[in-house]
Structure formats: C-alpha cells, structure tokens
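Presented below are the structures under discussion, each in the form of structure tokens.
The same chain A turns up in both complexes below, where it pairs with chain B and then with chain C.
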Partner chain A sequence: MNAPVRLDLRDASTFPTRRVEDWKWSDLKRFLRDAPAVSAALAVAPGGPFAALGGREIAFGNGVTADGAAEARFEGAGTLRLRFVSEAQATGHQARATVVVPARAELLVLESYEGAGSAYASNVTLGFELGEGARLTRIVLLEEPDDAISVSAAEVKVAPHAHYTQTVLASGAKLQRHETRVNHPGHGASVRLDGLYVLSGSRHADLTTVVDHQGVEGVTSQLTKGVVADSARGVFQGRIVVDRGADKTDARMGHHALILSDKAEVDAKPELEIYADDVSCAHGNTVGALDENALFYACARGIPEHEARVMLTQAFLGEVTDRIEHDGAREAAQAWLVDRLEALL
Partner chain B sequence: MSVSQETIETVAGLEKYKHGFVTDIEQEFAPKGLNADIVRFISEKKGEPEWMLEWRLAAFERWQAMEEPTWAKVEYTPVDYQDLHYYAAPRTKAKPKSLDEIDPEILATYEKLGIPLKEQMVLAGVEGAPKYAVDAVFDSVSVVTTFREELAKSGVIFMSMSEALREHGDLVRQYLGSVVPVSDNYFAALNSAVFSDGSFVYIPPGVRCPMELSTYFRINAENTGQFERTLIIADKGSYVSYLEGCTAPMRDENQLHAAVVELVALEDAEIKYSTVQNWWPGDPVTGKGGIYNFVTKRADCRGDRSKVSWTQVETGSAVTWKYPSCILKGEGSVGEFYSIAITNGRQQADTGTKMIHLGANTRSRIIAKGVSAGKSVSTYRGLVSAHPKAKGARNFTQCDSLLIGKDCAAHTVPYVEARNGSAQFEHEATTTRLSEDQLFYAMQRGLSQEEAVQLLVNGFVREVLQELPMEFAVEAQKLVAISLEGSVG
Partner chain C sequence: MLKIDNLQVSVADKPILKGLSLDVPAGEVHAVMGPNGAGKSTLGYTLAGRNGYEVTAGSAFLNGEDLLALEPNERAAKGLFLSFQYPLEIPGVPALTFVRTALNAQRKARGEGEVSAPEFLKLVKQKAKDLRIDFDMLKRPLNVGFSGGEKKRMEVLQMALLEPKLLILDETDSGLDIDALRIVSEGVNALRAPDRSMLVITHYQRLLDYIRPDKVHVLAAGRIVASGGPELALELERTGYDRYAAEAA
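Right, the complex of A and B next:
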C-alpha cells in the first residue's frame, strides 16, 4: 500500500505532484509552488452551517482555535460541530484535530469548511478513533472560494463492532482534496463512505478513500456521486484493500457521475486489492450524460426542460443524501444539494 | 465436442508444462551484452538498409537515457541487460528454399508443439478444415513462413520482418514505430534497438485475408532475450485474423521477452489479434526461472469505422506485464479487449488494456477475467479515456477475478478519464472465490475436486474463450486446465 503523503504547508518539498500516483489527478505542486506565508489568526463567531443542529462547537479560524491552539481534541458522545473557517488572502494555514468516540458511545460530527477571502491554502489533518461498539456519523461540508486550495486528510481507526459512516459534500475549489483512510478491523464492524460533488466553473474536487480490511467479517459500503459542469473536474479514487486472512469481507463501491459540459472532466479509479480468497467485493463506475430518454419522457409529460433536468439530476444525486440516517443532518445535506443544483443548472 | 467433455478429457491427459523441452541444434549467438556494436551486428546480420540501422541506433541512445519502470504490482529479480545474448539464430548456410532445408530438429520442435508447418499436413486434413498460414520464429529469427504463395495471390503480404525490410522497405518505413514510438517506454525502446525478427503483414484494400495468419514464437537458447517486432497493416476495407502462440523450455534462469506489436487499421478495416501465451512460468514451488513477458502491444484505429479486437489467454510467464491497447482515432472506430489471465504457483501478471477514445462515436468493450491460484498475484490494470472531441464515445468494461486458495491475490486497478459530456462509460468489477455450492454440486456428480475446479473455471472464462478462433479455443481450454493443476487441495 502506498504510504500517504504527509503534507506540510511550511515545507514545499512535501507538496505532491501528479507523478505521485495517489495525486495524479490533483497536482498540488502545479497550483502551489512554494510554501505560503502563514495566515493571521482569525476570531470566529459561533454558528456555521450546522448551527441549528446544536451540540458542542470547536472552531478553527485560519488554523487556530479561540485559545490559540493549532490542535484540538474531543472525546465524548452527542453532537460535535467541527468548523474550519478560512479567511485569508494568498496565505496558508493548517490545523489538526483528534476525535475519540468511547466504546458503545454515539457521536455525530458535523464538519464544515467555511472559506472566505481568496487564494488561501488550507491543510487539515484529522484523526478519528472509535471504541468497541461505538457509532460515529460524520458529515463533511466543503464550501470554499474557487481560487482556494484545500486539503483535508483523515485517518480513521475503527474497533470491532463499531460503525463508521461518512458523507462528504463537496463543491470544489481551485484544488480541493478530501482524503479518508480507514483501518477496518472487521469482526462485526461496518464502514460506510459516501460522497457527493457538485462542481461548476473551473472548480476541482477530489474525493479519495482507502479502506484497509484487516480482520474477518468486515463490511464496507461506498457510494459516491457527482455532477460536473462548465470546465470543472471531479476526481474519485477509492481503494479497498483486503488483507491476507480477512475472510468473509463484504465490500461494495460505487461511483457514478454526470458530465454536463464538453469541457468538464471526471476521473475515476475504483481499486480493489485483494489478498484473501473468501471475500465478496465489487465495484461499479459509470460516467456519462443525463439519460436523454428520461429527459424526453419528463418533457413529454409537460415538465419544462429546465425543471426536468433539475429534477432528474436531483434524483440522481439525492440517493447519496437519502442514505444519511440522522434526520437533521440529512435535511441539511438535502437543502445544500438543492441550493447547489439550482446555482449549477 | 462439448465444453465439459473436452475439459474432462483434458484432465485425463493432464501433464506438466509440456513445452519445457530444449531443442539441441547448432546455434549462432551474438556475444553477450548490449552496446552500439551489438545493434550494428544485428542490423548487419539481417542485411538491413542504412535507415534501419540509424533508427535502431537512435532507439538505443534513447533507451540508455531511460529508466526501467517500477510501477507495476510485480516483483522480480532485475534483468542484467549486459548478461544477455541479443541475437541467437539456428545456424543455416543459406536461406532455405523449402522446408526440407530447415534443420529437422527445428521442424521436430514445432511438430512437438503441434504446429502444422508443413502445408500438406493442413491440406491433407479433414475436408473443410480451416487452413492457416504460420510464421515460425525460433529465438531471434523467423525460420519459415508457410502458404506465402497462396496468400500472395490475393495480394496479402505475410513474411518475416527481416524479409519485409528487404522486400517492402518503404511500407515498413512508413508504418514502423508509428503506433508505438521508439521512446514510448523502456522496453519498447530496447526492442526498437535490438529486435531481430517478427512478422509483417499487409492486407491490401478490400481484401478479406483468405486464411488465419499465425506466428509461433519459441525461445530455445539459454541466456537470450527474445525481442520480436510485429507490424500488421490492414488497408481500407480489409480483414485479417492473426494468432500468436508462445512457448519456451524450462530453465532455471529468467529469460526476457520484450516484444512490440503494432497494428494499423485504416478505413473500414478490421484486425482480430489473438494470443495464447504459454511461456514457461517458472518452477511452481520455488518460483525459479520463467519468462519475463514485458510486451508493448498497441493498435491504431486510424480510419473511420475501423475495428481492432484483442483476445488474449495468458497462462504462462513468470511475470507478465502488458496492456494491449487501442487508439480509437477514426470516427466510429471500435476497440475490443477480451482477456483471460490465469496465474498459479508464483506467477505474477499485471495486465489489462487502454482504450483511448479520440474520435467521435468510438466504442470499446473490455472483458477481463483473472484467475489466481497458488501463491500467484494477478492484477487488472486498465485505462479508458475520452478526449473532448470523442463525442458519443462509449465503453463497457467488466473485470471479474476469481481466487482459488488462501495465498493468492487479485487486484483491479481501472482508470477512467472522461473529458466530454457525451461519453458513456460503464465499469463493473467483482472479486470472489469459487462458489462452494457449485463445487459441491459438480463433485456430487462424480467429478474429482480438481476436475470440478477446472470445469467451473472454464465456465468463468467462457465469454472470452468464445472470442478465440476455433483452433485456439480448444488449445486455450486445455491450457486453462493445465495451468490450474495442483491449485486445489
């Protein structure tokens, strides 16, 4: 397994190029040649896109918390709103957070990337640890300016019988990379990694996941969908690894994308790396235009074409948001999708 | 004969790698090592025109500046490029005029391999049995090409590359390196510098090649690399089906096979290229020996509505590293790739295809079946890409992997790059093991475990076997069975 790139904005030699296999469609070095100056600290008012869902809030403003730390740690249950707020001009900042869910506890993490300003570079490193039988639902919302560079990488350690569920909602940036690496112990643990990208202009979003099945009877289910318009570029890289002896693993991965313009691009690499024989693994990948037949049918029923397009696209992408179990989080995600699609179509 | 019956009979006659013998003939070698002088030596041996020598020397220079790639999921002892013979040929006094002048040992070799070199053998066969012309390549040189006269009647040129360089120099010059450029990759550059022989095929406009063409490659000599170069040109509206078979003796050291195959399909032309690759895979227990099969195969669908179909059955070689690809340039051109890769023992295979959609309404289809057993590793790696101009491009890909045993591995690494709004790409992949239920059912019907496995595997790969020409399909099916021997229990 390729070692993940340890990105450090202070050191340009850690910036991957497209020659690094895992970054071949997200050439960071191309957009960021040198280490940027460090952003000034930013005071963040409580709130954010998930404010209505309550819970505890940890907010970083340009990489630092209210008490000036570049690192935060949370251990507990309930709801955590983890906010990474950027407001800078051509500077860079990075933050680090660790979230621990004790055994049998249940936590909802609402993670938001709220960007203002322009041409900043943000790098977030996260660690999630789930105790035995713990449940963690993570909703990630990426809303950043179209000239920003944003990288977020998470390492997730799951214990037996724990459930980890994640949904990423990405609207892209100049380069936006969201990476999740999961250590999957099997033994009744389950992992779900979903993603959604809605991209316009010349935005780029890269959803990368790696799930490493290390024990028997692990379940993984992945569904990523996206739509790209104008000259935007969507990237999906998913890798499912089944280690030797990790028998009875059941892993499914799906990536489906719509391309709305002849200048837009979708790149996908759904990988399976299997070292055990008693497994059931599958992936599916489709890329294409909106189904003309469905569109024709809707129009024939008297629905105006524009409305029909919105409706069909929403139905296509809505499958991902529908999978969110938490009511409040699902509604917020659905509302975001509707807004984004209206702006796009 | 039904598939199952054939399988059972094959199983009954199971044997180890039956092509592992060595033919004892007088051979001529180039000294070991690689330098510009060796390149000159090869060129001179073949009596090549000056431009060809320059082309080779330029390639050699490029190769020296290149680094051996390492990105494939294969591990192998590095090749010592200075410890190889780059030219080995059966010693002949003059160009043989007929089969009788060829060393009977060589003929016997091909006979043992089951290749009907003698045209009369084919002609004397069952009435209506298909004829096929054979070009037999022994180490570095082509020893015989059959049926040439009959082919010439319809204007088809089928000869060894070295003859083609002499007789059809302009045609070769026009197309050689136009699909796989000299500097395409490390092994292609090496091949361009030192290739010794291979087949050359030209099908004139509107001609449907009257018989299957085939080449049999045989590595015999010790410490040699085989670097053959095949070039097939299907002119407007023509059709050709080409088969390729490969075997090698059992030896303890690894041998390098770095071929380049270039196909050019002009308007409305169709090329069907089938390979049954059965190089010596090395010792199944120690992994010692075996062929490194590092081959570059690419087709250029230049003309509108042209079509190229690759079918491969990969059962041999210690390490296989190849991606027969299609560049779909012509409008409405079609590329197909059907593959069976079976690995057992300590074999490693990293194989797949590239479908590069450049023209409008181009279509491609990929069916790849991988079977891993023993301690082997099998990887499907493929690329499907559509350029902004490839409006209406379509691809369907299916890759299935079957795992037999606890110690093998199977990987799927597909790359999809869609760059326009009207391309439709679909990809599915599955990895599973042999179904316990099916196995139980087959055994309950009286088959042994090994027979049952072979039956099920033959069923698993059937979609691809069906794409093979008849003669090869039968052989391939036997190979499937032999390759899996010892994989259960």
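Right, the complex of A and C next:
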C-alpha cells in the first residue's frame, strides 16, 4: 500500500483514481472530476444524533466552526461530540480536527456526519493522539444523502498501555470512504477497529483500516460486518502490518457480509503482512446470502418471513454493536441498526 | 385432524412422494417407519411448507384447513409443528428470544394477546426443568454449539411451549442417549391430549416402547405401503423392509 493520499478538494490533481491501489474500489475521480466550488458557511444548532449523551460539542457546518475556523483541537477527558454537518448543493468543504487524550485519561468521542442537501463533497482529516495508558473510545456515525461524496481519514497515534477502540456505523453515500490508520506501539497497548455497514439503493461505503504494529506484544482485534441490498456496494480493506521486532503481536481480523440481491456487491481485502516472529495472527472473511435453512426453520416455528429476515440479519450484524462497552453509545448504535434494517428489508 | 390424500411431491424435478394418503384422527399417535430415502422427511417438510418441495398433486388438510395454501408461519399458527431431523442453528438469537418471538407471532396470527416476558419466563423455567435443560443454555444462541441430543431436547421444549395441534416428530429419538430418550419421550407423552395428534417418524422400536402409537405405517418409495397396530413395528424390527421394497417397486 502506498503512502496515504492527501486529498485536497481545492486541487483536482489530488483526487485518487482507481489506479491508486488503495482506492481501486472507490474511484473518487470518477464521481468528482473537478474541484467543486466552496460551500457557504453554515450555522449549526447544538444537538445531533448523540445529543442525549451529553459532553462537549464541537460542530462544523460545511467545514467551519462557530468561530469561523476550519480547524479544531480538543485535549481532555470525558465525552466529546464531534459533529460534521453538511448542508450544501453541489459544493465542497473540508475540515480538520485533532483530539488529544492525556496519559491515563479516558475519552469518549461521538463523531457524527450529518448530511442534508445534495451532491456535496465533504473531506474530513482527523488526528487522534493517546498518551500512555489513555483510553479512547470512538463511535462514528455516517448518515448522508445518497448523492453525496464524503471522505474521512484519521491518523491515530497510540502510546504504550493505551487502549483505542472504534466502531464505525456507515450507511453509505454516492461514495463514502472512512479510513483509519493506526500507529500501534505494542507494549501493552490494544486497538480495536470495528465497523458496520448497512447499504441500500446504489449507495457505496468503503471502510479502510491500516494498523502498523511497531513494538512487541501489541493486540489488535477487528470485526467488520455489513449487509448490502439493491445495487449497493460495500468495500472493506483491512491491513495489519507487523514490523520487524514487533514480536508476540496478537492480531485478529474478521469481515463478514450478507448480500441480499444479485446486483449488490461486496469487495473485501483483508491483509496480514508479518515481518516479526512468534506472532499470533488470523483473519477470516465471508460473503454470502442469508441462510435460507435457518430462515425456513424460523418461519416453520411461526415467525413471518419478513420478521424472520429482520431477526436473523439483526442478529448477524448485532455482534458488532454488542461489542460497544459504553452503554449509551451501544444503545444508540443498536437503535440505528434497527432503523436502518427496517428501511432496508 | 390430519388428512392427506394422494400427495405427490417432487424435489428438484425428481418425484419423491408418489401418491401418499394418510389419516390421523384427533388424539391419536401414528408412527411412520420406512427405509432411508423413502420420503419421510420430505413428508414433514412438505407439510411445513419448505421451498423446493413442489406439490404436483393431492391435498393435505389440518382440521379442515388447506395446509398447502398457507405460508409456513401460517401453518404453524394453525397448530402444525415439525420437529426437525436436523435442527438448525440460529446464530446471534438467544433460544429464549427465539421461542418467545415464535410464540407471540403465532398468538398474534390467531388474534390472541402477547405473553408477557415474566409470564413466559415462568413457563419456560418449569418446562426446561421437566426436560432437564439447564436454564443458562437458553440464554445462548439457539442450537449454536449444542450437542445433537441437546438440540433434540430444545425441539421438545419448543413444542411444549408452542402447544401445537399436530406434531410431526422427525427422528426426534436419533442421537439421544438412554436417559435423554426417556426424558424426551416423557416430554412428548406429556403433550398427548384428546385434541392433539402426532406423527412420529422413527427407525427404532425403542422410541415406540415409550410413546405407544395407535397405528404404525410403513412408508416406502414415496407411498404408505402397509398400516397396522403397534405389533407392525415389532414385526418390522424382525423382518426389515425388503418385502415392502419389492411391493413398492
């Protein structure tokens, strides 16, 4: 994999095409030929999908904060609601934020992409830094119009004994790319990268992750699940690199998807690249239809087919939301999943 | 109760049931025995409405209701219960949730009110105890990682909770150890009632020592080729199916 693309919406020469290996299933250039005009600033009222969970709020409206800045920085503990609100017609905007969790502090980041309007392009660049023994839980909710283009890329720097956990909930867009790159120092640090995509219509969601294990005894656990209907397309690229000397790394990655229609598509590339000794690494990848036999069994016990489909699909995907430890965040994620599935099935 | 007339069924365009007729009056238990591949499970799946089991002729009525015109879940709500020869695993759905969902779906279809969670729990606890099922097992996803015998016990637990009118037991005795066979049989016997019928598919006389059938039928090559009293099962144990195979051909 090449160095990460530095996307700048103001410069069309930075738009990746499918010839860039890392973007081969998410050809941005195909959907966005030229640099779009810049979106007008948008005033955002406090709230958002995680409002009930409280905490500090930093909101961007079409790429700018209430102070008119295109960049924000947060350092601290507790709960941070990081909102990227888009409301634009055929224009583009980008924002940048840095989140620092001091040593031994604990932070919950509730990150939401709230889109309205149509055909906008949004580009978000994020940095997360965890001090020694810090804990960061990041929940990402992507809810955007089906003709929007949305790219979000994060660099995560983890210190020894720190714990980084993220769960991405994606419902797709014309092109929705969510990328996470993690520097894993090992030495008692652990990383969990989970994801869920529920896609209908012609929506496209791309969950890409790269974890680079640089020190001994690092732990990474990854579970991504998805369901695609109609002519939707789900993309999962998961890459775990274990550097020379990063011995005793323990890394597991799973991606499992359900395809509900002939025209829907899932592209998956799980990769383990190991240059160290005595590591325990595994990955699993399955893509298939709902088990018709289990479905019949449920119907034969009296459950109507539609209800049985919802139940089985929800049980399949629910494994990801069940892994969220924070009660409020887990309940919000479960509610999102139920709503999305009701609309899809 | 159950009236099957000249039932003909094809699977993947291959005729399996070739004019099967069977009558099970209310309150009676009928055993169906027959060689491997005769079409016993096919009969169960067809009555339950499985996809791919194409009825080319004949009829099947349950208490005057045309089964073949109903969706699988509607058949269940009318009182049909098929205990699977190979119960399916339902990943991610706890056994308790599954059975309560099924029970409430059936009740809703019949215009009855939902059973509340505490009521249901009380009911399950008693029935699970009777069947020597550890209650904690019911919190696990249904049948996932259960042993063959545990799956069969779960089938009996489900029938006890769903209280069907017609029970089809497809080899519910296979894979059970001696104690489990007795416990499962007691569970089934407890369900015998004047308004409930059973079709017991089995290869072994042993089960019929516990669940005494009113009638025994031999199913060979897609047809009922002989019917008789419980003594027929004992006779089959001695003579095997050879002479019926010749008759059916």
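Everything below uses one rule, namely that the second predicted complex is superposed on the first by the 344 of 345 C-alpha atoms of A that agree within 3 Å, B and C clash if a C-alpha of one lies under 4 Å from a C-alpha of the other, contacts with A are read in each partner's own complex, and residues count from 1 in each chain.
Please note the rule applied: contacts are C-beta pairs under 8 Å (C-beta built on N, C-alpha and C of every residue); 3 or more make two chains touch, one makes a residue touch a chain.
The shown structure was predicted, so the numbers you read here are calculated from the model rather than taken from an experiment.
Room for both chain B and chain C is found when the two structures are superposed via chain A, with no clash between them.
Partner contacting the larger number of chain A residues, of chain B and chain C: B. Within the superposed three-chain model, A:A66 lies out of touch with both chain B and chain C [touch as defined at top]. In the superposition on chain A, contact of A:I303 is made with chain C only, not with chain B. By the touch criterion defined above, A:V5 reaches neither chain B nor chain C. Centres of mass aside, this uses C-alpha centres: at chain A, the angle toward chain B and chain C in the superposed model is 80 degrees, to the nearest 10.
In the superposition on chain A, A:A315 makes contact with chain C only, while chain B stays out of contact range. Of the two partner chains placed around the shared chain by superposition, neither chain B nor chain C is touched by A:A116.
Contact with chain C, but none with chain B, is seen for A:N293 once the two complexes are overlaid on the shared chain. Per the superposed model, the minimal spacing between any CA atom of chain B and any CA atom of chain C is 15 Å. Chain contact summary for the complex, chain B toward chain A: residues 71, 388, 391, 401, 403-433.
Contact residues of chain A toward chain C in the complex are 291-294, 296-305, 307-308, 311-312, 314-316, 318-319. The touching residues of chain A, counted against chain B in their complex, run 21, 244-245, 257, 259-289.
Remark: chain C residues 48-51, 71-73, 75-77, 81-82, 84, 87-93, 98-99, 101-103, 105-106, 109, 141, 158, 162 touch chain A in the complex.
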